[in-house]
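Here the structure comes first, spelled out in structure tokens, and everything after it is commentary.
Residue numbering begins at 1 within each chain, and the chains themselves are lettered A, B, C, D, E and F in the order written.
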Amino acid sequence: MRFVDEYRDAGRARALAGRIAERCRPGRRYTFMEVCGGHTHTIYKHGLEDHLPSEVNLVHGPGCPVCVIPMGRVDDAIHIARQPDVIMTSFGDMMRVPGGSGSFLDAKAAGADIRMVYSPLDALKIARANPDRRVVFMAIGFETTAPSTAMTVLRAAAEGLANFSVFCNHVMIIPAVKAILDSPDLRLDGFIGPGHVSAVIGCRPYEFIARDYGKPLVVAGFEPLDILTSVHMLLGQLAEGRCEVQNQYARVVPWDGNSIALSAMGRVMRLRPHFEWRGLGFIAHSALAMAGEYAAFDAERVFDLPGLRVADPKSCQCGEVLKGVLKPWECKVFGTACTPETPIGTCMVSSEGACAAYYNFGRFSREQMSAAAREPREAGRP
Amino acid sequence: MRFVDEYRDAGRARALAGRIAERCRPGRRYTFMEVCGGHTHTIYKHGLEDHLPSEVNLVHGPGCPVCVIPMGRVDDAIHIARQPDVIMTSFGDMMRVPGGSGSFLDAKAAGADIRMVYSPLDALKIARANPDRRVVFMAIGFETTAPSTAMTVLRAAAEGLANFSVFCNHVMIIPAVKAILDSPDLRLDGFIGPGHVSAVIGCRPYEFIARDYGKPLVVAGFEPLDILTSVHMLLGQLAEGRCEVQNQYARVVPWDGNSIALSAMGRVMRLRPHFEWRGLGFIAHSALAMAGEYAAFDAERVFDLPGLRVADPKSCQCGEVLKGVLKPWECKVFGTACTPETPIGTCMVSSEGACAAYYNFGRFSREQMSAAAREPREAGRP
Amino acid sequence: MTREQQVLDRIERMRRRKPVVREERITLAHGAGGKATQTLIEAVFLEAFRNPMLAPLDDGALVRLGDGPVAFTTDSYVVSPLFFPGGDIGDLAVNGTVNDLAMCGARPVHLSAGFILEEGFPVADLRRITASMAAAAERAQVTIVTGDTKVVERGKADGCYVTTAGVGVVEQPVTLSASGARPGDAVIVSGPIGAHGAAIMLARDDFGIEAPITSDTAPLHGIVAELLKVLPRHVRTLRDATRGGVATVLNEVARASEVAVVLDEERIPVHPEVTGVCELLGLDPLYVACEGRFVAVVDGEHAGQALDTLRAHPLGAEAAIAGTVTADPPGLVLLRTAFGGTRVVDVLVGDPLPRIC
Amino acid sequence: MTREQQVLDRIERMRRRKPVVREERITLAHGAGGKATQTLIEAVFLEAFRNPMLAPLDDGALVRLGDGPVAFTTDSYVVSPLFFPGGDIGDLAVNGTVNDLAMCGARPVHLSAGFILEEGFPVADLRRITASMAAAAERAQVTIVTGDTKVVERGKADGCYVTTAGVGVVEQPVTLSASGARPGDAVIVSGPIGAHGAAIMLARDDFGIEAPITSDTAPLHGIVAELLKVLPRHVRTLRDATRGGVATVLNEVARASEVAVVLDEERIPVHPEVTGVCELLGLDPLYVACEGRFVAVVDGEHAGQALDTLRAHPLGAEAAIAGTVTADPPGLVLLRTAFGGTRVVDVLVGDPLPRIC
Amino acid sequence: MCLGIPGELVEFGQEHEDLAVVDVSGVRRRVNVGLLADEGLRPGDWVLVHVGFALSKISEQEAQAVLDYLQGLGQPYEDELDALRGSDIV
Amino acid sequence: MCLGIPGELVEFGQEHEDLAVVDVSGVRRRVNVGLLADEGLRPGDWVLVHVGFALSKISEQEAQAVLDYLQGLGQPYEDELDALRGSDIV
């Protein structure tokens, strides 16, 4: 595949790994946070850590929209889905996210009409095909996804579709990163910046991180070589005493972002004064609601919602994992009470959640896995 | 079973058969019409003709409500059933009755929500349980059934049920009998009167038959001995030169009928100026519609109906069968093109239709069947 | 020959013609076990799969596997409701397949079980069903050795459908077939008929009727083994009287054997409550399904011995000789009514009782 | 031992504990072939029916009937849509059961077929399905010898469900089982994976994706027979990689054999269009179903011979040695990624593709 | 269609006055007795049931009259009948 | 969630101007290109697809730049790589 396979080449990775190792000061520990869950997924899926020297430590950030949705919002969505004339539409990732009493999957099994869609436009298609039903799109995602929701609402408005609305849970990455930077218990050397969010917002919004907090940030692509390259670039900044925002992913990310996307978001949505993030608590100006002009498409106004806040389970340490303070396996319930089949925290649900990625792909220590992968290779070969 | 088994006794039947044979003048042919399809069913189901001498010839009348419903009314009912929010309810007998383009069963297979009920009250129950659907009861039947429909509508009105209506196809037996009496091609010696219709209308309405047409009539019960007894009574009147209305079924039929039933019908329904009977054509004042006061429960007003008249298939001779002019097997398509699986005429649908009863139960000549039933009895017995 | 007789002969010729499915769409009648089902099976399934083992359309197929003859059968169970007085879909699915093997003269040995579950189906109900399958399997001395599970979206099933298949060994040489009946044979019914269908109908509660009727579902391999032990060479045909009831089974026999079956209404065992339900709903018990009763056609001279053998078994205590086989009129079932008349007992048309098994 | 290692060991102990169904209701995940399916099967079905023939949970059961060993299996087919590029529910139902028998080392001989039809289903579609079953049966040299038909009300099925069961004879003594893999063995995949699941997904048209992908449904008895003829004693395990894909099958092997399976991402054959679909939808081809591919675990020393044999057969032209078996870590499947890393390939959680078979 | 079945009234309904329960050979069904409001129905009475309504109260006396009429006709045959019945027992 | 896939624009839609078709390894999907209205897209251009929308036009030049950067870093290893690749062919 073009723009994919080139960035998954093992030879190039090995070469780069050598350069990375060379850039590490022996004995020093470099801790970088990959903000985006997509990066977490890539890291584990490709076994990227096998190419990193032990000095480099990647911690997983809050950039998984499924992982940060609070239980109360899931309950509200299920409440909507349970209305007899409603078809709830949602990305597949949301299906297993637990609210205070069960997930979409449970609600579906109990009779709610909840359908997976690939695109918000598919939800619109369902709305057109079912004029006697109310079709709701469960909108989640960062700035990457919010423009698609906005474009969909604009189209619904243009068509005068009366039976479509959006339950808006879009969140914004900058306030979350800022919250992490303000958190006292964190020690980070730099950030791997979210590539696809940046395709929308560009690179400028990160400048305060380098300027005010003194942390370098490299906006990175999602192929494993992109991430390795970004690590190499971060180590380069540290080695040379620079502290900048760099764009490793320039093939996709314009420095100034996508102005059409930003203006669509601006028209259809407005900033919420504050929004709860699972594990991180309330963060000011960190999420989007539907703008007043599009109230007819706002599920929060179309439906009466319970709107209850549900406290996270006591045993859940997602907050610490999302802030990179704990490694997934350091959570007390990881892999025992909390597994992908029976997630307690949301980080265990999405394949981009740090806990799920670690559980599914990386559950064995690197040493043990590499040993296993090495040992019999030649034995069984003809 | 009380009031049932006593009237199915083979010994009593054989004794009575002897008395019947004694009352026949050798060589004379006695032709009696059993007006009611229930009688037709009994005759075939119990093999009653085995007890009748060859002089007595029973012909089957128009008293099967399923058999006389014209195709256009079936089409109208299917049109209603096809409306997306409608639940059509119907007695099982109606399910296979062909209209101009298929039956209820076909419409159901194609997606209409059509449900079998045992009682019109069950349709009411369905209406209560489905407030967001329009529930229609396909009302068919003679005066036996019309009071039940009327009582059901009165209850719906009392409850203020807004989603229930009746597609009224109730017909009346007296105009049909009169049409048969006026038909030039008929030669009858007397009537076996419909017992359950008479439980409602009583025996007086038949008096004109004896008085004006000179034909005796015996209102008969539905067990085989009831019918045999009625034949005996008719032969008695003929032998003695009497011509009266007699009530063989006095255990159920009061001479004056059921006044509550008659008044319920009178309140809820009104006479139609004329109504089409399948095979018999239009008969004046022969059917009931919903009265204006109950228009809200009248499916003919609630729904827009095509109301098209559909001509009977050319090959169909149901009219002649219903008038007793032809025996079922004398119809050219009987048993070949027209069978219970593929009925052309309605007499082949209901188990009370003459053609279906004959096809299902009596398809072999009496002689052949009796021979078969006699021959091996002792052989196989231990 | 009279004109009436000519007409009747013409009709019989029609009825023997190759069956044709006229409908464009499947209706409930195609699953009711009567004429429409037979037509569908012959015109679609038999036509497509035509082979000598399938052709007899018996309860199961006799096949050779390695050395010996093996019986092989399957049935899907879609009964509604899933739980009913006297049983549930689980023991029904085990007993039904055990019985089809028994009707082939085989000793049922192993069963497979395929489950189609509807999203949202309570796991507790599934446990209840599997427990009752396990109990039924133990009672019938068969092992469920392989299986499969599928889940379909809500609204694409009715809770739980079960398909069992079974294999059994044929240990003594018997020739059982619907085509084996001969004039002079006796027709034995193994017990009171119609209880299963009536129980399901009441359990469905569509008609507001209540009666103390429980399903007759039971494994018949034991009683059949007794019968075949005593009369290995004199039993012609065994059929469990499931969908379509005794009437349908006997029509199959009459047609396949080209004989007439003459039943005696008074000798057909029916429990009074079943009669009551049938009267109320205008049904004929001869068409109502059993799930633990069978019809045996037995050499007339050994009918008494057969009856004694059956009555000695708990499942056959009310067995009865219900009729006889005659040569004419071939292909028909006749009934001597209690009233002293005679009538045809035809194959079921339509579907009086949806989803009884 | 590090703290991380202690945590990981504790987790492995958890994973080996007796499975428990926690859900109150069946969800689509219970039918997806992954973890939830395994848990349901072990905690409900195996628990209720417990017996030594069922316990291995192989593709079919090996039973003794009369003299010889016989393989017996069943599967229900609920695929949506019923017709898809490369096949339909009919040939799928025949091939699937033929393949499960082949995976037991048996020669498939006879099939049964149970149909659950939805009221309103077009008879023409049923004819099309039965014709394709007949053609598939002929191709696989099996006979459909017995069957059953049920009809359910509209809205209680999805057109047509088919359950096939099959019996086959085991003609040469082979010991095939998921528990037979040993360190040093080679893992062979018989051809490019994931085409069936991808074809179904596209045919369903939920995602607006189009690609020239056809289902790989095919009968595997022939190619398997070739392999077993050449290497009767060196093939340890055969599994068709259906629901849950190659990943799930290999997890079953790793767990049952208490070995590790180490796959080599670059050696796993996947057609580029299948890769494209997976990339677009965020799926992993290792979990996407095949219906005409199998995984063979073969003695490492004979892996080359096995590969040559498979490649000589039209259905194995693209067969590949995709990995090896090692002793540690027992019960796990690992993948050497094309990128040069290593990761765990776990059992599927959830249901990415509803109703592929 | 005009199917009517005799049943014995065994209970009057709680829900509303028109509801009663009839027994037919041990089988029970709820019926509406509104059409027989004038008859002063009591448990033990028999009624004719049609599509869920009691249509008529059955007169035991009239029922017996028919049987008596038949009895009168059939006397000469009674002995023969008894003989026949005897032979029917298996 | 932020999954984005590179695809080649192969066709512009008939239905409305924002519709186009992308090809990913021979797999085609309709995407909305409304967010790239300013880019003067043409068939043959590559875009990043996210939830049915083209989010960004991919720059070949920038893509090559990364590879060149890696190439520069990796030169000493190239010979070893070739050897390794050779040994991988079965």
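In this section, contacts are C-beta pairs under 8 Å (C-beta built on N, C-alpha and C of every residue); 3 or more make two chains touch, one makes a residue touch a chain.
What you are looking at is a predicted structure, and each value in this text was computed from that prediction instead of being measured.
Within the contact network of the assembly, the step distance from subunit A to subunit D comes to 1.
Common partners of subunit B and subunit E, by the touch rule above, are C. Common neighbours of subunit B and subunit C, listed by label, are D, E. Of all residue numbers used at the contact between subunit C and subunit D, over half are used by both chains, marking a mostly same-residue interface. When chain centres are defined as mean Cα coordinates, E lies farthest from subunit A. Seen from the Cα centre of subunit F, the chain whose own Cα centre is farthest off is E. Taking CA atoms, the transformation carrying subunit A onto subunit B includes a rotation by 180°, reported to the nearest 5.
Summed over C-beta pairs in contact, the chain pair with the top total is C-D. For the pair subunit E and subunit F, the distance between C-alpha centroids works out to 85 Å.
Between the CA-based centres of subunit A and subunit F the separation comes to 21 Å, rounded to the whole angstrom. Averaged C-alpha coordinates give centres for subunit B and subunit F that are 76 Å from one another. In this assembly, the C-alpha centroid of subunit C lies 34 Å from the C-alpha centroid of subunit E. Multi-chain contact residues, meaning those touching two or more other chains, occur in subunit A at positions 1, 4, 14, 108-110, 118-119, 122, 225, 382. Chain contacts: subunit C has residues 23, 25-29, 119-120, 207-208, 272, 275-276, 279, 282, 321 touching two or more partner chains.
Shared interface positions of subunit E, defined as residues touching 2 or more other chains, are 3, 24-25, 52, 90.
Of all possible chain pairs, the ones that touch are A-C, A-D, A-F, B-C, B-D, B-E, C-D, C-E, D-F. Those residues of subunit D lying in contact with subunit F across their complex are 207-212, 266-267, 272-273, 275-277, 279-280, 282, 307, 320-321. Chain contact summary for the complex, subunit D toward subunit B: residues 119-120, 154.
Contact residues of subunit F toward subunit D in the complex are 3, 5, 24-30, 49, 52, 88, 90.
Within the complex formed with subunit A, the subunit F residues making contact are 1-4, 6, 8, 24-25, 32, 34-38, 46, 48, 50-53, 55-56, 58-60, 62-63, 65-67, 69-70, 73-78, 81, 84-85, 90. Those residues of subunit A lying in contact with subunit F across their complex are 1-4, 6-7, 11-12, 14-16, 18-19, 36-38, 63-66, 91, 93, 118-122, 140-142, 144-145, 147-148, 151, 194-197, 199-200, 221-222, 225-226, 229, 232, 248, 250-254, 258-261, 264, 350, 352, 382.
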